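First subunit A sits with subunit B, and in the next complex the same chain sits with subunit C.
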Partner chain A sequence: MTIEAPFLSVRRLSVTFGKAIAVADISLDVAEGECVAVVGANGAGKSTLGKAVTGLVHVSGGSVELTGQPVGADAARRGALYVPEGRMVFPQLTVEENLKVGAFTQRRLGDWRTQRDVMYDLVPRLAERARVRAGLLSGGEQQLLAIARALMARPRLLVLDEPSLGLSPTAITTVTRFLGQLRVDTGVTILLLEQNTAFAARLADRGLVVSLGRVERTSLTQTQLGAISVATE
Partner chain B sequence: MRATALRRSGIALLLGVGLVAIASAVPDNRVLLMNTFLAYGALVLSLDLMVGDLNLLPAGHAAFFGAGGYASVVLNQEAGWPLPLAGGVAIVACALVAAVIGFPVVGRTAGMSFAVVTFAIGELMVQIISKSPELLGGTQGLTVTWGVGDEMPFGFSIYRYYSLWLVAVFVMVMLSVVWVRSSHLGLRLTAIRDDENAARGLGFNPVVYKTLIFAIASGLAAAVGVMWAPMVGYIGPDSMGTTESIFLLSLLIVGGLRSVGGALAGVLLLMVAPLYFELEPTVRIAMVGGALAIIALVEPRGIAGLARRATDRLPVLRRAA
Partner chain C sequence: MSELLLTLLLGIMQAGLYTLVGLGLTITFGVTHILNFAHGEFVTIGAFALIGFSTMVGTAAAIPLALLVAVALGALVYLLGFVFTIGNHLQGLAFSLGLLLFTENIFLELFSSIPRNGPRVDGTLALLGGEQIAWSRVVVIITTAALVTVAAIALKRTWVGLALRATGDDRFAASTLGLSAKRVGLYAFLVAAVLAAVAGMCIASVSPVTPAIGVSYLLTGFVVAIIGGLGSPEGVLMAALLLGIVEALTSRYIDPSMTSVYTYSLMVVVLLALPQGLFNRKVVRAG
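Take a look at the complex of A and B:
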């Protein structure tokens, strides 16, 4: 009798940059199809955790496993994609070109246009602006595009780094609705790194709080998530 | 994408045919001028792959031009290889050297450090040549004996014969630029230029792409050197120093980044025109400096940007385009 490995398993992870310790000792499990929020103030180690999970930083200790296999630099090819904070679209490329670039890891497997049309169905606004340079989109549209671009690679795990950062309340509502619809349609697993606990509570099934590179509280319910504040001041 | 690439390649090939026609018709006293245009045009266009497409600022592009020339001449004269083989090996070797030194060093740097690293590589090559008088001729340079007194095909002079080879290299460089810019690779390069971290997040490694483009651009520069050295019959360390690399950068910046027409306009204005009008070297240097200052103040997109502005202003021209 084998116990099935969790979809994403982080064990005693630590990441250091020189003498600075970004992630000290973090363990967490995410089941397939689940949306788990990691909330914490600036400098809590959320982004570094996200980058370690997607193989973008060198892990100094502990392990990150995706369906039982350790994650390395090939994370993107294995379906773990990181959407950086600050809606990092490629401003010089058009909306459509951004999506095409996003399909990079899947290019040989199928026609990228099929997946593009799925994205356009989910976010009709992007279809309307297909030929517009991404740098000219509004903040909310850029965030939707950044997520859609990552989805072009048909990921199994999406790591979203502060998708609410710098967005207007209306734009946050749009992003929330989009991500909710996305979970229903595709069942994608999401690791949500957030400061905005109210936003995280609307999306996530459960959450945990990190502070200074360590897990401070685990297994918060949606209600508990919405009730706390992690602001530094 | 593919249609654009094919159309632009077609234009490049047609231009090549036109250049061959010009090369065989141009009067004898202007052949060298034509070759200068072709060689500098190819060098500046290959440089634009790094500067325009990736925002990398190399300070040693001319060094690879020189390295290509030296490698083919030495392989031909010392090792006795036939010139086509020596040239081919020299081009591939320069691209490989660029890739090997590029991967650990160049690929991981950007901005200022990229400029410093390529400056160091270029100066290192010049020093190696200056310090090996037996094999590489030292500071005196090497005289190329190939072709002296020989009959050239079609009864051409040696200058005119090499015009054809330089046209071939020029077209090859244009095709490389066209295919890089209108392919998925071009999209990925723009993505890296816009935001390296976001590109990493999508699963492509900027280091690999920077190294690849550095190797391609350096190999193309070497190809120009391979054709240039036997044409002038001499190659020396002066032609590959940092001054020359910076001059190439000036031509590109004045002409305009990411624009084939702009780059060639820069070469015509600052390299070919001063030779045609037989201006003093000091006047040419002043022209380059003045043009850079004007471009920086008036139109950062260079001559290509000025041309775009002009066509936007004149409705007649816009309809024609």
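Take a look at the complex of A and C:
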């Protein structure tokens, strides 16, 4: 029997901004194909954790490894993609151009249009609005676009930061269905950072709770996830 | 009639030069949020590199050599300076001002303030109705128009163009997709240096130049970049056409010595009506 390195392994991770400690000593493992939810209130350190996992902030201690290899600033190239909170589509670029930017790291590895067509099949709504400026889309459409844009880089790990934030209940249902379908179709691994525990429970296989930069509870089941509340204390 | 045509052509020529300078300013600002006061120095570099090389190796070889010098110096000031100021717009501003003063004096020392002429295309073209326009001016109009078209298409269609627009739109979102602000900033500075150097080469081939052209084109570059709405390439083109043509018409038909009064009044009027500039759809966030 061989001991395999876990797909994503975060060990004793710390991130500080000056004197402020955003993430203190967090460890977690995610298996390939799994969807793990990290839930916590505003300011619990979820976003910073997500950015550290995808090499977007400087780590002050501990390690992040993807299939046994340390992840740094080249995370996007290596297939760990962060989808920012608040969607952050490129408002003045068209939907299609937004998708093309997502394929930037893959530009020498094949025609980006192939992957674009896969996205259009997955989200026909985006195909209909291909030539529309992304800033004119609805919140739900922008969230789908932000996720599809990250998928253009053919990620192995997708870090979703509050995908339900500021969306209408209908839009949340659309996003949930899309992500569910995505897991079935592609088997992509997801680290879901959420405040909305009901939403997290519908998607994630298991979860953990963070508070003030530390892990407070581990290995919550789907049912437990749905039952707790992490609203700002 | 013919006089009007000639005046309009001269306006369009000026507009092409302003567009090339303004485009670089607006692209570097959009991507790095640095207002580069030293940008005009690339106009000077282009002009004097062309003049210097053309006496040594002939005009045909001087053009690519001058571009190479501009690219090398653009990379140098970015990699040794501006790259460290990304995310801190006051530092970027201070560094670019320092660089401006430094290069201004270096160039005065190197090239002196005696006006010099670059290579000329001889002869004139007769316009309908009897006026004559120098061929060198026609060449400048064609060159700038072609380069502006190429730049517009490249911004739309190439990966580098897409990277520049995406980073200008949202720097953080771009970084999550593997577009590092530092690397895209380098693209921006190189593109800006080339465009400004071509403008400088064009200027040297139609009129005598001194090292002071850098600053004078920097000012007009700022005017068109700001009227256009900082960060908007379409805006630069529209503003440059407006400015170039108003300048040409007023100096021909009203009073040549009052040209800058008219053009800067125009800028004030446009900015009073549209504080964000002609084409800006979003609020510019400095920093």
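Observations on the model:
Quick note on the criterion: the second predicted complex is superposed on the first by the 230 of 233 C-alpha atoms of A that agree within 3 Å, B and C clash if a C-alpha of one lies under 4 Å from a C-alpha of the other, contacts with A are read in each partner's own complex, and residues count from 1 in each chain.
Just so we're on the same page, a contact is a pair of C-beta atoms (placed from the backbone, for glycine too) under 8 Å apart; a residue touches a chain by one contact, two chains touch by 3 or more.
Treat the numbers as computed from the prediction; the structure is a model and nothing was measured.
With the two structures aligned on subunit A, subunit B clashes with subunit C.
With both structures placed on the common chain, the touch criterion links A:V83 to subunit B and to subunit C.
Shared-chain residue A:L165: touches no atom of subunit B or subunit C. By the touch criterion defined above, A:G102 reaches both subunit B and subunit C. In the superposition on chain A, contact is made by A:Q92 with both subunit B and subunit C. Subunit A uses residues 54, 56, 73, 76-77, 81-84, 88-93, 97, 100-102, 104-105, 107, 149-150, 153 to touch subunit B in one structure and subunit C in the other.
Contact residues on subunit C toward subunit A in their complex (touch as defined above): 159, 162-163, 165-166, 169-170, 172-180, 281-282.
For subunit A in complex with subunit B, the residues that touch the partner chain are 54, 56, 73, 75-77, 81-84, 88-93, 97-98, 100-102, 104-105, 107, 146, 149-150, 153.
Interface of subunit B with subunit A (complex): residues 184, 187-188, 190-191, 193-195, 197-198, 200-205.
Residues 54, 56, 73-74, 76-77, 81-84, 88-93, 97, 100-102, 104-105, 107, 135, 149-150, 153 of subunit A touch subunit C in their complex.
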